[in-house]
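The structures come next, written out as structure tokens.
The two complexes that follow have chain A in common; it is paired with chain B in the first and with chain C in the second.
For the complex of A and B:
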């Protein structure tokens, strides 16, 4: 993956490909600026982008952005890791052991369709409004897409690979770790990619409802305090966090699946 | 001495409507220790099913499979199955070396398995390809990887399911020579399933011909060609041509 001279042409080509989209973005920002300054949009609802930019700059320069950003990142990360781990373990168990499938399938099918946002209020009853509740909410949202995809991936492992493992005398544990999991990895990662978006949604929502800590709380708090420019500035930080998380995940995914046809050099 | 024995093996598959379908009816067949046996039959005659039961990959409905005198209920350590479709039996996320290490890593650990893999890769003419991925190699080379993997387990017997049917004609000749070399060097017992008459005669000591619906052994033919065999002259020997005529006649007659 280390390549400077060879990758530059590819990178600059990608930059050129991204250019039209960036131009559209710049035009919209410029249009907003003009519209707000001309009075077509009420300043109280939508301050000019330049003013939001100044507030954003202050947040960044003073370092004020760091603590809430870190709080939200920590929440997303812990929920993502815990939810994914349970989802993968559950999916492998259900995909491999018929007994586990019969035992858990009704439960999964019942809980899966519930929008996990709706589970935050009852969770608050049991777990309060602290980190435990927030992490549990995020984990729950992450769990199901990962579980369902893992289950599908495990069931889809080629019979012939499994027979190869059997004819060479592989035991169940070795087969699960070294054959089933890597074979199902493309499915698992696809589920995790969906879950990453959900994790951010639930993190922000849990912060809003709990009324403490993180970007979600701040966005709501600024709106309620009529600090509209601050609200938008925090929103931008949240957007960048979402973009960064997604980009990082895609990179990691490509790296893990380097052997797949789409990722071959 | 018989190394592999199939003793009136019957196989039924469940049928959604009506009684189970009996696709194999009391088949008995044995392969002597050190023998190269070819199982010849048209596509869909249950050759692979037979081989999978011999390998302990598929349970028999009734009857018994014995390898080295012991009843087979699970894949036995003495025999390794080599698959027709190497693209589906090799792991695409593993390098060639790690695909060969696959055979023994669970017994001797990854590191020693990799050393063993290097040795086997040399044996099949793939020294220096350990760091490649299977998809970077040609079909013939991928099947060599699959053979190296089977050899790494140091089996006494190879059960080969049309191992050369997915490669081009010239590569097939290469791989046939390779398998004969290995068989001679390691004194293996081989059961090879094929629908290619020339391949069966060229490689085998004996040929078991299968019938269809339900599968049974219709004829057992002694090849009787001298060894070592030569890819060109053996195929021109009168005995080769006579057998070829005879076996093709049987195979084609059944299709009419």
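For the complex of A and C:
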């Protein structure tokens, strides 16, 4: 799957290129440590990074980090999958069938500008504060960017290719599956990449507002309990999750679009 | 989306859904205090608007959003120009920026509350942080897309580095920067509301959560409606502004989506 022998030179080159930046990052952390210990920054607000590191290590070693992390991951994942599936299906339908476009376009344009965060309180009234409400909030945030991008991608499919497909006697389903979807994939994935960030935002917000479960709730709860080191430790875990999701998605995107000129080695 | 071919079946669908909302709530199909009829929601909206309560809240929210947009935007453009023109700067600071970027913004609010309290300063900072990243990315992209010939010509005419940046690089990368601002604008409204929801007692976000706690569903839906209109109007307004500012870009046949 991964070409260690062939990619190693490229990877080591990237590592060397990133080195100065990592040194700066280490310097910033060291500077913070010094500033806190010298009393320039109040300990109650910003504990020294080493102290946060110790708490973080405790969380990792005891396995305490796993349950909240998994809860947030599950929430982001289910909301992302559901929202993307509906978005892609809706986008393809609206892009391919003019009747569907005429029927749904005004509704989409009406609901799309609502800041999805504002929908969390109404959803809490209807669905309670459990998983259903959280997953619905995340899916709603994911849905629209994916839908709009899919629509754009489907409408942008090369006419020549569509004509060629018709000449070869492809049916609608075959054309959609083997021509339109692959051709629209770069757009769809771009929409999904935007949505991934939004999914994480909505997941954290829903956890904070519902007051239960996951990393978002813990960060807010630790702050309100004045367990500041714990708060920063959980924040680091959340940041790593965000970074990991982003990186994984970029890798998956590059694999899925390996046929695009920009991704060829 | 083209406005010219406004379809009718879609409007009928919306009309039907709104009618269904009204009837289902009035006739008792959905008998719940959480499901007030549309007319009651509109009445609540009218009442809160006339009483002056909602306009004041919206004004505060918009003000915080605009301040965050201004600070974050200026910082983003400045950092972007720096990163794109001085590769060493992006080498040194790039990894730090990339590590901070994927942190979901609501999670940054609790630590910021410790440092900056619950009021305007904290909220404006949160919005500025949100705005910073898309503007930065787009500025870097925009500066990289400036034609080398234009820069070379500037150099030939003996224009200094600062004036080149101001008179050649900035206008040429403006379409990209504005695209970044448009993304940032939508995010800024969301994040302002989120910050108001989580901390403090200001603005539309706090009002929304209060109405939910108080079980005053009509006021809550009215607030969501207001936010929807606000989001739509801001996007439309920005698009119009964009068309005026970089009309030459559109005249060259390039399109915004």
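The rule is short, and it goes like this: the second predicted complex is superposed on the first by the 263 of 265 C-alpha atoms of A that agree within 3 Å, B and C clash if a C-alpha of one lies under 4 Å from a C-alpha of the other, contacts with A are read in each partner's own complex, and residues count from 1 in each chain.
In the analysis below, a residue touches a chain if its C-beta (ideal position, glycine included) is under 8 Å from a C-beta of that chain, and two chains touch if they have at least 3 such contacts.
All figures in this text were calculated on a predicted structure; none of them were measured in a lab.
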Superpose on chain A as described above, then tell me if chain B and chain C fit or clash. fit
If we overlay the two complexes on their shared chain A, which of chain B and chain C does A:205 touch? Say first, second, both or neither. second
Just to be sure I read the superposition right, which of the two partners does A:164 touch: chain B = first, chain C = second, or both, or neither? first
Is A:96 in contact with chain B, with chain C, with both, or with neither (first, second, both, neither)? neither
Can you pull out the angle centred on chain A between the C-alpha centres of chain B and chain C, to the nearest 10°? 90
Between chain B and chain C, whom does A:197 touch in the aligned arrangement: first, second, both, or neither? second
May I ask you to decide whether A:77 touches chain B, chain C, both, or neither, giving the answer as first, second, both or neither? neither
Comparing chain B against chain C, which has contacts with more of the residues in chain A? C
In the superposed arrangement, which partner chain does A:179 touch: chain B (first), chain C (second), both, or neither? first
First (chain B), second (chain C), both or neither touched by A:249: neither
Is A:25 contacted by the first partner chain B, the second partner chain C, both or neither? second
Compute the least Cα distance separating chain B from chain C in the superposition and give it as a whole number of Å. 14
Can you name the residues of chain A that touch chain C in the complex? 17-18, 20-22, 24-25, 28, 44-46, 99, 101-107, 109-111, 113-122, 124-126, 152, 197, 200-201, 203-205, 208-209, 215-216, 219-220, 222-223, 228, 231-232, 235, 238-239, 242-243, 245-246
Can you list the residues on chain B that touch chain A in the complex? 52, 55-57, 74-75, 77, 79-81, 83, 85, 88-89, 91-93, 102-107, 133, 135, 149, 153
Per the contact definition, I'd like the list of chain A residues that touch chain B in the complex. 158, 160-161, 163-171, 174, 178-179, 182-183, 185, 257, 259-261, 264
List the residues on chain C that touch chain A in their complex, please. 1, 6-11, 13-14, 17, 34, 91-96, 98-100, 102-108, 110-111, 113-115, 186, 189-190, 193-194, 197-198, 205, 208-209, 211-212, 217, 220-221, 223-224, 227-228, 231-232, 235, 257
